[in-house]
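Two complexes are shown next, each including chain A; its partner changes from chain B in the first to chain C in the second.
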Partner chain A sequence: MLLVLTVSNGLHFLVAWEVFAVCGYFLITLDGNKRAVRTAGWLYLATSHAGTLCLCVFFGLLAVKTGGWELGPLRGDASLAPLFWLALAGFGIKAGIFPLHIWLPSAHANAPSHVSALMSGVAIKMGVYGIVRFSGWLPVPAAAGWVVMALGATSALLGIAFALAQNDFKRLLAYCSVENIGIIMIGIGGALLARSHGDAAWGRLALAGALLHVWNHGAFKALLFFGAGSVLHATGTREMSRLGGLWQRMPWTAGLFALGAVAVVGLPPLNGFVSEWLIYLGLFDAVAGKQASAWVAMPAAILLGLAGALALATFAKAGAMIFLGAARTKSAALAHECGNWMRGPMLALAGICLGLGLVPTLVWPALTSAAGAWQPVQSGGLSDCGNGEADGQRAGYPHHSGPGIVPAAVIGLTIGETHAAKPSAGGAPAMAEVPLATLGWVQLGLAGLMAAAGTLLWRKVMANNLRRGPTWDCGYAAPAARMQYTSGSFAGLASAWFSWILRPLRTMRRVHGHFPAEAIYQERVPETVLDMVILPLAARGMQVSAAVRRLQHGHLSFYILYVVVALAALASLVLLENVP
Partner chain B sequence: MKLLLDLILRIDCWLLLAPLLPGIINKVKAWVAGRRGPPVLQLYYDLARLWKKGVVMSTLASPAFVILPALTWVALLSAAMLMPLGPLGAGLTFRGDALVLLYLLALGRFCTVWAAMETGSAFEGMGTVREVSYAVLAEAALIAAVLSLSVQSGSIALATMLGPPLGAGAVLLAAGLFIILLAENCRVPFDDPNTHLELAMIHEAMVLDHSGPPLAAILHGASMKLLLFAVLLVQAVLPIGQLQPLAAAAVLAAGVLGVTVAVGLVESLWARFAFRRVPLLLTTAFLLCLFALLVAWKGGPA
Partner chain C sequence: MERWAGINHQNLNLLIGLAIGLNLLALSTSRLPMLIRSMSAQGVILGVMPILMEPHADWRVLLVALATIGGKGLFIPGMLRRAMRAVRIDRELEPLIGFVPSLLLGAGGTIAAFALTPLLPLLAEHADSLLVPGALATVITGLILLIGRTEAVAQVCGYIILDNGIYLFGLLLIRAMPLMVEAGVLLDLTVGVFILGIIVDRIQRTFDSLDTRILTTLHE
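Moving on, here comes the complex of A and B:
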């Protein structure tokens, strides 16, 4: 995988990419004796190769147009722009943007949990990396920003809607990855839009947010998958409706999962909030700029808010179903805490989440240099130097610039003139300041206050005498674990709003008659895009192929007949050509 | 020193004044119904009493059940510190603080919801589901409202966002924000804070199992949230930034009082909506805020 990041030759890139994709297949199918795992691995392999096909065509055409496999900044050549769509499709499959995400839920759910953590945390980011790398180097079509942002907003909203409706907690986490990739894509789309409007200040913000979110998502999603893995290890089931009350047996896992949940929902004082905040700032600036790009930034901001609120519902559900309340089955009641080797990595990742949240200025120099490398400041003649990173440094992105401020000096100097020419972008250079340091202090203060208030209240309660009793179920004498809300009933209200796309499959048998049989209610949310679009299409393709396949029946005499007919046809073609 | 004094004054203002609002609402309701009603200071007495009481905790709940109300309270207090108070300004103002405020409210919600689910009660589950689901729509409306303020003022800092007059969109925004206020604070058309029929409740159902000091924190936090939204509504709509400091303070106080009385009147004159109609009302709020946004966009200086 590292190879993909370091090569600068198109052919080598393709080979490295393929090796990386195939390794992914073997990692997913580590438990290859289960049917579901093999199916998931096969689906992954097929979609991954569809993506690689796009990339083959992309690099091939690139090589034909530029006359070599060497990769490098090629901004000047506008004829390369349409190639961006190929790259978007190829890398988009890997990243799991919404309509292309079909492999992602089953692969993440069926892979061993540490592999899921690796795939969700790092592997799908390679798709994001590809999009960022090639959109930085190549000219992009004018519509690219709009499309990427729209795709991102769709992914964010629908990904989290699917996540909310899941009952399998690893599938839930996988769909949540689709949401987070959507958030990242919103940021990248903002950057592309800003570039096509020659108005880089808010684009840089959005890009910085997106890149930071790549890191953050890697940290908290890996943490959540490790938590999920330890629950799976302890109970042997992935169904949330069979769990509950696990905090008593697994307090460490429960606490760390809760921390990861706060981070993934994007709540202060953890890291998820910092990156979402940066993306929001970019979008708000875009809207306040009142240019054409505001038309797409405005719905994106609102959809991002919607996705955030749905994420809150999703992770409240996941945490509550797995860890809170009473155990719903015996296996949940007999769970055991994970060992030190499983807890260590979770603690480390939780530390990263906390650290990035409380001291966000730590990563700011890295972010600005990356954003600078992606889009060198247009002071002329820089885009032809070989390596993107050198661009950023040569463009004078001051690594020592006061943390918490977008290198405002640079933007003010070089982009400022373009702004001055456009009165509609009113005061954008001043807007480019990001008080990241202030946000860091706010987060720190918030965390400190929370710790203090929590301790104070705990002490007060202890001093006042704490008694234990059964849950007060409004006077009902014998509350039972089965009376709790289940994962399906928790999601019911909000996911009903998305039933047009979720298409839940229901099996229901009501109680009726004098001696009623068992009543049944089952609900399952399928992978709609796969089951209702791709598979029917594939079945149609198989029908056609099966019809064509009848030509291959193994009778030698007929094959000779094919050859004779083909020869005759060719001969007649040649003869007819020569007649006039 | 002056800074410290200012901070203490501001915290006192939020801590001490907030519990007045539910008292005023109850007084208005009693007055409309022709009753004497509880004293305006009733919530203060309740808080003082609860603070001294012991706590009963469910056997299913973890220690977090007691701590989480404190975290909610801190989140709401921090949000209040970011909210400018007319001539006083905000405790802390920076670019993007409006979004921090929104997410602090979400953090408060997350903590409440987590504590509610600790008990494993079906009623708490019911309240939680409603809370998180309706919050999705309310969040969209709030983001649209903040966007419209931001477009109007060309800024993302609350202190500058809430200054200038809003023009034609003000009426739309006021209506939208008022509906959000009712929804976020679980007031009448969405929820009935007085009911004892648990099936019909949202917020009250989530805090059924709390008692003693944690319940006091929850009640106080809820009253701060109500004050927060009232202050936001008044400052978003009225051009307070252009008045003299004293007049601004007076207008702000009168505005908050007006909003409180209006909440009381709505509660006296309307019945709670059926739950399937709640999303409709919230969507209306969203559309109002969206139209306010479009008006701000097209109407403001280009």
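Moving on, here comes the complex of A and C:
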């Protein structure tokens, strides 16, 4: 995997990429004796090779056009721009952008949890890395920013919608990865859009947010997958409807999972908030810029917000189903806490989440240099660029103070404005650094506030004579674990909004008559894109290939006949051309 | 000199006509000895042609003629007869294309060859020769034999008749590069013997009742 990052030769890149993809296959199929695991592995391998095929074509055409396999900045040559679509498709499959994500849920769900953590945290980021690398080096088509942003918004919203409807918690986490890749894509799309319009300021913010989110997602998603692995290890099931009440049995896992969930949802004190906030900031600047890009930035921001809300619902559901309430099955009731070796990595990752959240300025130099490498400021247009940014920013502020989502945003921006007005500040990096520093203080303050509020609440409760009783003991005579919300009913309302794409399979028998028989209600969300689009298409392709394959039967005479027919066809073609 | 060339031209066309007749004979017969005989006769006729085409026969043309007659008229048919005796089969029993249909196809192919030749961009000196349509007709015959016969010996005959057609076409160039034609004949011979060896071996395996599975597992 490191090779992919370090090579500067297209051919070597392809080889390294392929080695990386095949390693992924073997990691997924570590439990190869289960049928579902093998299926997931094959699906991964097939889609991964489809992606590699795109990349082969991409690098091949690149080599043909530039005359060599060496990679390097080639932004001058406009004829290379259409190649971006190939790169987007190839890397997009690996990253798991929405319509191309089909391999991701089953692969993540069926791989061992530590492998899922690695895949979700690092492997799919390689796709993002590829997109960023080649969009930085190559000229991109004018529509690239729009398309990437639209894809990102779609992935974010639909990814989290699918996540919300899942019952398998690892599958839920996998779909949540699709959502996060969508968020990253929104950031990258914003950066591309900003570059094509020539105003770099908000693009840099969005790109910085996207790159930071790559790191953050790597940290908290790995943490969540480790937590999921710990639960799986303790209970042996991935079905949320069979769990419950694990907070008492596994407090460490539960607490760390909750921390990761808070981070992934993007709530303030943790790192998910920082990167999403940077992306929001970029989008709002774009909207305030009142240029053409505002028309795509505004819906993207709205969809991002919607996705964030749904993510909150999703993780509220996951946390509540797995850790709260009463145990629904015996295996959940007999769960045990994971050992130190499993807890250690989770603690380290949680530390990263906390650290990045509370002191985001630590990563700013790295982000600045990365964004600078992606988009070096042209030496000629430096002063122009700086002025334009400053103008755009100033024009933007009055609008910001209106919505004011978080007070921190406003504080950060006002300070940023005064800073940016000075020419010595040196353009965008310094301008965004200041809001980040402010944000750090705000985060610290919020964390302190929350800790204080928590302590206060605890004292109050202790003072009022804490009494523990079973959950859901709301005046029922004999409460049973089956009375609790199931994961389906918890998310029922929200997932009903998306039933047009989720297409849940329902089995229902209502209660009717005076002596009703047993009533049944089952709902299962299939892999809609895979089952309803890809598989029928693949079946069609299989039919055609099977029909063609009948031509190959081993009879020499017929093979000669084929040759004769082909020759005759060619000859008649030549003759027909010569006759008139 | 002119008269001599004219007579030779007529003789050449006569020989080509004979070769085409032998094509049809080869297509219509079900008996393998007859097939081999017509093939070898065609080989002899083809061998005579270079001598007629060149007014001043030098030693290279003679060598080509002798090699062709020896190879196609005697050596390969002899090998085929031996192979036929070895497997004790002298009839094509289950042709994929029947004898009458293949004869009709061959006749149709010959007519098509004659009809198509004027469309081809040929040199003026070859325009009234039967060489090109004869070559095409012979190639078509060879292909029909290859496609329509299941018997390996008959298929080899088809291959060699196909080869005769290519050789006829090559005669167009004999004045330009006789060495090339010579080399072509020798290459033909080598390949012919080679294929013969393989096919005889295959026949022995196939008809040896123990090893029939080899061919069925070779399918695909």
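The rule is short, and it goes like this: the second predicted complex is superposed on the first by the 481 of 580 C-alpha atoms of A that agree within 3 Å, B and C clash if a C-alpha of one lies under 4 Å from a C-alpha of the other, contacts with A are read in each partner's own complex, and residues count from 1 in each chain.
Just so we're on the same page, contacts are C-beta pairs under 8 Å (C-beta built on N, C-alpha and C of every residue); 3 or more make two chains touch, one makes a residue touch a chain.
Small disclaimer: the values here were computed from a predicted structure and weren't measured.
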item	value
First (chain B), second (chain C), both or neither touched by A:Gly245	first
First (chain B), second (chain C), both or neither touched by A:Ala36	neither
Contacts of A:Ile302 with chain B and chain C, given as first, second, both or neither	first
Which superposed partner A:Leu575 touches (first chain B, second chain C, both, neither)	second
First, second, both or neither for A:Leu505, with chain B first and chain C second	neither
Chain B or chain C, by number of chain A residues touched	B
Touching partner for A:Gln552 - first (chain B), second (chain C), both, neither	second
Partner chain(s) touched by A:Met532 [first = chain B, second = chain C, both, neither]	neither
First, second, both or neither for A:Ile560, with chain B first and chain C second	second
In the complex with chain C, residue positions of chain A that touch it	552-554, 556-558, 560-561, 564, 575, 578-579
In the complex, chain C residues that touch chain A	96, 116, 119, 121, 143, 146-150, 155, 218-220
Touching residues on chain B, where the partner in the complex is chain A	51-64, 66-67, 69-71, 73-75, 77-78, 92, 94-96, 99-100, 102-104, 106-107, 109-110, 113-114, 117-123, 125-126, 128-130, 132-133, 135-136, 138-140, 142-144, 147, 150-151, 154-156, 198, 208-209, 212-214, 217, 279, 293, 297, 300, 302
Chain A residues touching chain B - in the complex, by the definition given at the top	244-245, 247-248, 251, 254, 258, 262, 265-268, 273, 276-277, 280-281, 284-285, 287-288, 290, 294, 298, 301-302, 304-306, 308-310, 312-313, 316-317, 319-320, 324-326, 424, 426-427, 431, 433-435, 438-439, 442, 445-446, 449-450, 453-454, 456-458, 460-461, 464-474, 479, 481, 483-485, 489-490, 492-494, 497
